[in-house]
Amino acid sequence: MLRLENISKAFGSLVVSNSVTLDVTAGQRHTIIGPNGAGKTTLINQIGGQLSPDSGKIFLHGQEITRLSAPLRARAGLARTFQKNTLFQALSVFENVRLGAQAAHGRTYDLFRSWRSDTGVLAQAEQAIEQMNLGRIAAQPVGKLSYGDLRQVEVAVALATSPTVLLLDEPTSGLSPSETAQMIDVLRALPREISILMIEHDMEVVFSIADHITVLYYGEVIASGAPRNVADDPRVQEVYLGAPQ
Amino acid sequence: MDLFLTQLLNGLVYSVLLFLVSAGLALIFGLLGIVNLAHGSFFMLGGFVALSVTAATGSFWLAMLLAPIPVMAVAGLIEVVFLRRLYARSQLDQVLLTFGLSFILTDVTETIWGKGLSSLQEPQGLREGVSILGNVFPAYRLALLAFGFICAFAIWLVLERTRAGSMVRAGVDDARTAMGIGLNVPALRTATFAIGGGLAALAGVVAGPLLGVFSGIDVEVLIPAFIVVAIGGLGSLRGALIGSLVIGFADTLGKAYIPGVSMFLIYFAMIGILLVRPYGLFGQDPAGG
Amino acid sequence: MTSMILPPKQPAARRFVFVAMVLACVVLSPLAVLSGYGLDVITEIMIFAIVAVSLNLILGYGGMVSFGHAAFFGLGAYATVLISTRYDVSPWLGLAGGVGTATAAAIVIGAFCVRLGGVGFFMMSLAFAQLLNSGAIKWRPLTGGSDGVGGLLRPELFGFDLSDAGPMYLFTAAGLVGVLLFMRMVIASPFGHAMVGTRESSLRMDAIGYQTRRIRLAAFAVSGAIAGLGGALYAFYNGFVSPDALSFGMSGMILLMVILGGKGSLLGPVLGAGLFLSVKNIVSTHTSHWLLIVGCIFVACVMVCPDGILGFGKRLFRSGERR
């Protein structure tokens, strides 16, 4: 589904991606873990098209997308969430999600019709809202939401674009235990037509969702494989036990 | 050859004037994050105050010394009374505020001094020509050049060698750190706005003998100064210097040698440069930095 | 299911009749009470209201702060006058040409401007307007230089001579109502929402699959076209146009109207244009300190009610409701 080949990126002398190669297979729940500043977000930014790698290639569904702009990648089925809130503050939750649905299915350059008339988009948006259990706050402006709700809206907007590959940047960071449990349930309930590549710090979340884990350390992949194998990997243990986290 | 040298000199002189105006604009943007649309008004005010001072004392030097002071006071007051309340708001609000203030300053200026086009007299002793290598140059313009370089050097010294200067260079991003090491950021902002205004006023004084003093010169100066900072990169002093030279020469030489398109030249220069470098020669992408 | 999430729709037919009746009363009543001069004043207000509405589209909804909107207003006016007088064709063709020229210019200028965000956009739009202003002054044979060009005679419409204040007033009112209806439609369209999304976060819009530059450019072009219509009407109204129509001051005035009335609302700019020109007309007959008063009003507006009179009114209304 999604394949990175030798992706490298440096900010000045700081190497944030060091020849990263990574495969997300169809339906996989692939999790990237690694200490703060390991280059996880930077990697997601390169996959999403917000940053371009210095070298290496990215493939989506077998097609190279390394030079494709972010919106075109999104249309090819790639959706992502952001670690930092970049939602449409002045709009309601529903409108945020609806814009996600409109991107994929709507007639964006149609000036002569009300947004209400596009029932396909509305249905898509409502489905995403229901998937994330956001019905209760759908009409509220995003600027007024709690942090936990924002994390869920993030995912809803991404889902509304009906992606085939979903990139999640720390979807549970800052959530309360009950909100985290809810997020786990929601993510587990997503259909396997969607492959997921997820950054996560919370090991409980990782182990309850992931079927594949990649460990990133100073921009380098130091381990990748099934959860049990990765957890037993001596280098990973060294990084996680040796370096204070 | 003579003519060409004269044009070069004129280009340099215009660059100096532009630099005095745009340096303040750049400093203000760098530290306060404000595009100051009232900057031309400070320039104009400087010229008019200088007119009054020379009328009363007969001394151009005194005018140079005194005229920037009331303008700095006005600028400082504007920062304390108005701008200070707007830092938390959008950039649009700040731009608009200075735009409204420029209206008020224009009206006040016209009420006190009238609209009339008047010219400042060059100071005694600088009215003649000076001959160098067989070419005769107007003494005042040469003096202006020297003065411009002194000013540029002084600004550079303050920015590089003083603690407050290094703060201004670091910009607003580090406002909190600055507070931490005991620098008074609000005072620094007031001072920067006042000094930027004072520099513009000083430019207004020294430009008086060349461009005249009249209502409307504010916009005539503001727009090229904007172009200078847009080319150089907003908030960058080095950018203001390079931009001033680019625009100063492009405009002067354009008027002399290709009069048909000279009026457009500075705009083409700006559009061309921004096409290649959207944030100017020394500017940084605000999102990426 | 839908009702839970979507705000309820208004009963369309009854609302439409109501709005149409109110509109008719508002438009027709000045005809009954005002003289020719009074109608002229309102006509001018409505022309600038159209221009302010056009700027509001990119400023209020698109988040693009243009300090060069006079470019499209002025181009529309110049093209209308020039086409009608130089080529001796019907002023209607001139009007069409005015709108077309402004639209074409907006597409070209927009292509440069929308690449930049924030202050860069502001500077770039300003530079282009100044460029055109210089062009109008310099290109004497075509534009008459700083004296401007005139000689446009208002045409007839449906047997009414637009040279009379009444018909011209009605024609302009029809134009304004048309523009407002169009704006209302655009704001509620998928495109309008995409525009607001781009204003709120272009990073997010990019990430979910919108080509934000293209959206901004399209908005810019539509806005330029409407401003061009305003300019063409101004040419009809005045019969004459000078480089002032392309000036820094004109751009500033249009911006002022939008901010004063309230950006990001349908009627705010109309209110702003009305208020600005009324104050200007009243104040300038009594005192020469017109700039001072405008400046003070504007500063007060920015300090106290940055969302304009309309926003201020709404806030008052809401705080009244709460009590």
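Every chain is named by a letter (A, B and C) in the order it is written, and numbering of its residues begins at 1.
Operating definition for what follows: a residue touches a chain if its C-beta (ideal position, glycine included) is under 8 Å from a C-beta of that chain, and two chains touch if they have at least 3 such contacts.
Because the structure is a prediction, the values reported are computed rather than measured.
Colleague: Please identify the chain lying most centrally, where each chain is represented by the average of its Cα atoms.
Modeller: So the chain nearest the centre of the shown protein is C.
Colleague: Hey, which chain ends up farthest from chain A, C-alpha centres compared?
Modeller: Greatest centre separation from chain A goes to chain B.
Colleague: Taking each chain's centre as the mean position of its Cα atoms, how many Å separate chain A from chain C?
Modeller: Taking the average C-alpha coordinate of chain A and of chain C, the gap between them is 42 Å.
Colleague: What is the distance in Å between the mean C-alpha positions of chain B and chain C?
Modeller: For chain B versus chain C, the centre distance works out to 33 Å.
Colleague: Compute the distance, rounded to whole Å, between the mean C-alpha positions of chain A and chain B.
Modeller: Those two chain centres are 48 Å apart.
Colleague: Which residues of chain B are in contact with two or more other chains?
Modeller: Residues of chain B never touch two or more of the other chains.
Colleague: Of all the residues in chain C, which ones touch at least 2 other chains?
Modeller: Those would be 203.
Colleague: Touching residues of chain C toward chain A in the complex: what are they?
Modeller: 1-2, 4-7, 9, 185-186, 188-194, 196-197, 200-201, 203-212, 215, 218, 222
Colleague: Which residues of chain C touch chain B once you look at their complex with the stated criterion?
Modeller: Those in contact with chain B are residues 65, 112, 115-120, 122-124, 126-128, 130-131, 134-135, 137-138, 203, 248-249, 252, 255-256, 259, 289-292, 294-296, 298-299, 301-303, 306.
Colleague: Under the stated contact criterion, what part of chain B meets chain C in this complex?
Modeller: Those residues of chain B that touch chain C are 29, 35, 82, 85-86, 89-93, 95-97, 99-108, 110-111, 219, 223, 226-227, 230, 234, 263-264, 267-268, 270-271, 274-275, 278-279, 286-287.
Colleague: Spell out the part of chain A that touches chain C in their complex, as residue ranges.
Modeller: Interface residues on the chain A side: 48-50, 69-72, 74-75, 79-80, 82, 86-91, 94-95, 98-100, 102-104, 106-116, 118, 121-122, 126, 129, 135, 138-139, 157-158, 160-161.
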